[in-house]
Amino acid sequence: MALLGNIPVVPTPFLNGKIDQESIVRLIERTAPHLDGYVVCGSTGEAPALTTSERKDVIRAFAKESPKQLELVIGLGHTSLEDAIELGLDAAEAGIKSALVPSPYYFPNSLDMVIDYVGKLAEATGLDIVFYDNPVTTKTTFTADSLIRLSEAVSSIKAVKMTDHAFGKIRELKARTKLSVFGGDDIICFRAFEAGVDGNMIIAPIIFPEAFRECWNHYVNGDRERSFDIYSRTLLPFISMFGPGDEIPTTKALFKHLGLFSSAETRTPLLASDAQRTREVLLGYQQGLQKQQLK
Amino acid sequence: MALLGNIPVVPTPFLNGKIDQESIVRLIERTAPHLDGYVVCGSTGEAPALTTSERKDVIRAFAKESPKQLELVIGLGHTSLEDAIELGLDAAEAGIKSALVPSPYYFPNSLDMVIDYVGKLAEATGLDIVFYDNPVTTKTTFTADSLIRLSEAVSSIKAVKMTDHAFGKIRELKARTKLSVFGGDDIICFRAFEAGVDGNMIIAPIIFPEAFRECWNHYVNGDRERSFDIYSRTLLPFISMFGPGDEIPTTKALFKHLGLFSSAETRTPLLASDAQRTREVLLGYQQGLQKQQLK
Amino acid sequence: MALLGNIPVVPTPFLNGKIDQESIVRLIERTAPHLDGYVVCGSTGEAPALTTSERKDVIRAFAKESPKQLELVIGLGHTSLEDAIELGLDAAEAGIKSALVPSPYYFPNSLDMVIDYVGKLAEATGLDIVFYDNPVTTKTTFTADSLIRLSEAVSSIKAVKMTDHAFGKIRELKARTKLSVFGGDDIICFRAFEAGVDGNMIIAPIIFPEAFRECWNHYVNGDRERSFDIYSRTLLPFISMFGPGDEIPTTKALFKHLGLFSSAETRTPLLASDAQRTREVLLGYQQGLQKQQLK
Amino acid sequence: MALLGNIPVVPTPFLNGKIDQESIVRLIERTAPHLDGYVVCGSTGEAPALTTSERKDVIRAFAKESPKQLELVIGLGHTSLEDAIELGLDAAEAGIKSALVPSPYYFPNSLDMVIDYVGKLAEATGLDIVFYDNPVTTKTTFTADSLIRLSEAVSSIKAVKMTDHAFGKIRELKARTKLSVFGGDDIICFRAFEAGVDGNMIIAPIIFPEAFRECWNHYVNGDRERSFDIYSRTLLPFISMFGPGDEIPTTKALFKHLGLFSSAETRTPLLASDAQRTREVLLGYQQGLQKQQLK
């Protein structure tokens, strides 16, 4: 089955410094009916700040609690191949089929380095790979050409998630390959629709699950104006205020406010949202909510 | 008089490769009643792609056509001090009091280099300086500390325009100095309001002049919710679609569509908005317009 | 005891994918008599590509095999505080007193984020901290001011290792603080001497241990010309050819050639030196060796 | 005639803020017999800080004073196409055939933008183009693929000067195209030889003209060891000390010391070499000189 649709990246809830399983359950209950899947333990899940054991716990929790028809994509971002393989094998054992894999993010990468690393990870785990093209966190830049070379060298790569703003890359990948392409940045998500993405791996669909699904479905069905109406009415006010840069703490602050998460804790080095930021985010959220209801 | 309020950056209209004075007149007629001034020949005005003589023509046109109560801030971005001084003296002769000055943008800069360059420019022209902190185009990064050192070393610096997303810098400058601070990036402009800016040097106020003024006035008068209502209803749909990265060509495409500019031409290296991008921008604009009227 | 002198960063030898203890022993035997210590499991040690268990093995090996009068500085670069603490406590138990700690390297950092992360790591481990200012691998830039704020906030920071080329920062730190400062980039190491460093955490001292010691001692004793004579005669030919960017694979290729390491293996994502690069590095090494002997 | 060999980039001498023609004459007299040409008004010539009129003066001076058998390559780096064309036409009138052209350096560039800009400049001036791939000053990164696309789109591009350290690009360009490739960074120039460059557009050949020529000739004639002997003996001590980052001020300080230039003045924003830097550079120069004579 091809990966398609709204597969949001989810934050990892903490309580007193520990993974908070109950909040995971609440989040799934609230959002799953309107989604096509989850990306678990990605950047938004603060995976680099978790231990291997914690990452397994989060993945297992989602594997257990998510409805079976939803896709789970497990974030395998790492700098140690051996640890990434251990995580991938554990996820595979739990029934997960796909992994989101960025370039390793410590040493400056050449294309050959990324091919070597991702190829070995794919081979050892047997997972389908969504390659995560994230120049900001990985300091590694891809052109359409280099993404195509990578996906030809590593045949397990079935999809690409893009966070940069080079919409031309999305168009080239769709024209020249069979790769699925996912938008990866909330702030430009409608422009990603316009560029032809197959789905979205962003945060907005767990903030406004029904509205995001409706927005996406209208777009896919050719009703671009109604789609943009929902986008600009409900989603944009929030999206414009919850970043850029601190989307994780602010989303957690909102989820705490809504009672979905038991706390707004982040894991160092991320700092929790302060009162001012929380106030800004709530303004955006409430405005989106109001405008949605006034429809 | 302190620089304050909505002093948008304006694109330079071209017609068949030449400066288009008539479009300048139309733009001023349409927007001036709702503004506090204009930034002329900044980045948005494509100043680096103009000749010295063209830059003078644009400045003179604004000096002649703008209502006298409006502030004119002249962009003096350059890599050649002598050329920048020539432009500044010409502007001063035309009655202009303030200049927007970024770091010189070819060689990697140290703070001392910027102090030397900006100091000499200020002294030779006698203009008040709005220092333009633009890390993307100048490859030069400032902390609050280094901005303060710069403004202490160059006493003509009266204000700072910031395009980066380090809102903490705005707060520090306001707390520790008497500098005016202007928001410089449309996409985050409401968060700049929240951080305490004294005004806005962005594009949005010439797209929706009345709405932007109303939005800003509500904010300044303490009615944050009404301000955000206008922002998210009218301004955001457009702002979310006209960038990031190609705000100049898309703004020109809109102005051509609206009959304000006689053409959507840009000057190389900027490429004109293509049909797809124009279609995206018009969607954003029309949505903003509709939601404004439904108020 | 203050950290001082030549405390090189050492590559981690592998054999068939495993840590190669015997090569560690050979490296120590060959180099220890001429050194003040070792930095173990830093960038050069490919620490981000090792598992926690492997990192402990390497540290324990050095703790066991190094002469007691040498300082061991353990690299704690990580993105997960909990893992870093585990490593630090294990090192402390093995008698190690100092850790080299860079900014966490996945999410973009603010100064407050680095203070939070490094402060917690220092407190939990009780180790003295050498803060590693490495903009390339951590995407985090420090001015002298921000390094001073960091060291004031985290009193366990006793030293700074600098890899960037901002020699003015070295001078400011020496003038304004009691921090030790270590040069961190081979290619500019003599200029780091000139800027006043207290020692060197680079690779060259394990390539030419006697020559580097002699070079440093002459400099410290005020004989700059003799120091530079040794530097340019013996060290520079190698340094100019073993980088920039692939110093780790090329050093390993040299050590394999010299019989110090049993293999030139690297850990993915680093790729081993190819024949051409090895040939270049050997040219540099042999030239340095010859010119040393002709002295 | 193909561009080949040692065509150094030359600093522009100033005296009391004006172009110093006499120093240009002295520089040519001293160095021309050992060179294949000059790059005039490039980065090293501080061209971005000169007025159009000054750039013409420098070009005319070299056109007048250089021996006719030497190639002159005129730097046309600019952000204004019209100004660049004016300079290029003036150079063509003075008999110059080739221009060194970087990406325009203010706005972030796409490949299409660079093709548009450079193509128009080539067409309007009729000059052969050496494309200058300089990521640091232009914020624009090229892969081998994108350089090839550019050179296919702009057929006047006959050569590429590279300043980055991606030696694989040099090899790919030589294997896949007929372009000449020039090394562009002193510090890695021997590694550029090894990667197969056709020549060098760097500073070293005007510092040690005879030694550099001898070094290059040995390399081209297959005597790599003798070439590297000269390189490491004579050139490296200087090269290791005159940068990185402030090669222009330090070269001028050396030329002043040697009596070649009447002053060590730079043009703002570059700051002149201070006493400490001059002392460092002279140490490197004198060491290189001594080791050359002891040969």
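Structural remarks
Letters A, B, C and D mark the chains in the order given here, with residues in each chain numbered from 1 onward.
The rule is simple: a residue touches a chain if its C-beta (ideal position, glycine included) is under 8 Å from a C-beta of that chain, and two chains touch if they have at least 3 such contacts.
The model shown is predicted, which means the values in this text are computed figures rather than measured ones.
The two sequence copies subunit C and subunit D touch through a face in which the numbers common to both exceed half of the numbers used overall. Put simply, the chain farthest from subunit A by mean CA position is D. Subunit A and subunit B have CA centres that are 34 Å apart. Subunit B and subunit C have Cα centroids separated by 46 Å. Counting partner chains per residue, subunit D shows two or more touched chains at residues 110, 245.
The residues of subunit A lying in touch with subunit D in their complex are 110, 141, 143, 145-146, 168.
On the subunit A side of its complex with subunit B, the touching residues are 165, 187-188, 190-191, 194, 224-225, 228-229, 232-233, 236-237, 239-241, 244-245, 276, 280, 283-284, 287-288, 291.
Across the complex, subunit C is touched by residues 43, 48-51, 77, 79-83, 103-110, 112-114, 116-117, 120, 136-137, 139, 245, 267-271 of subunit A.
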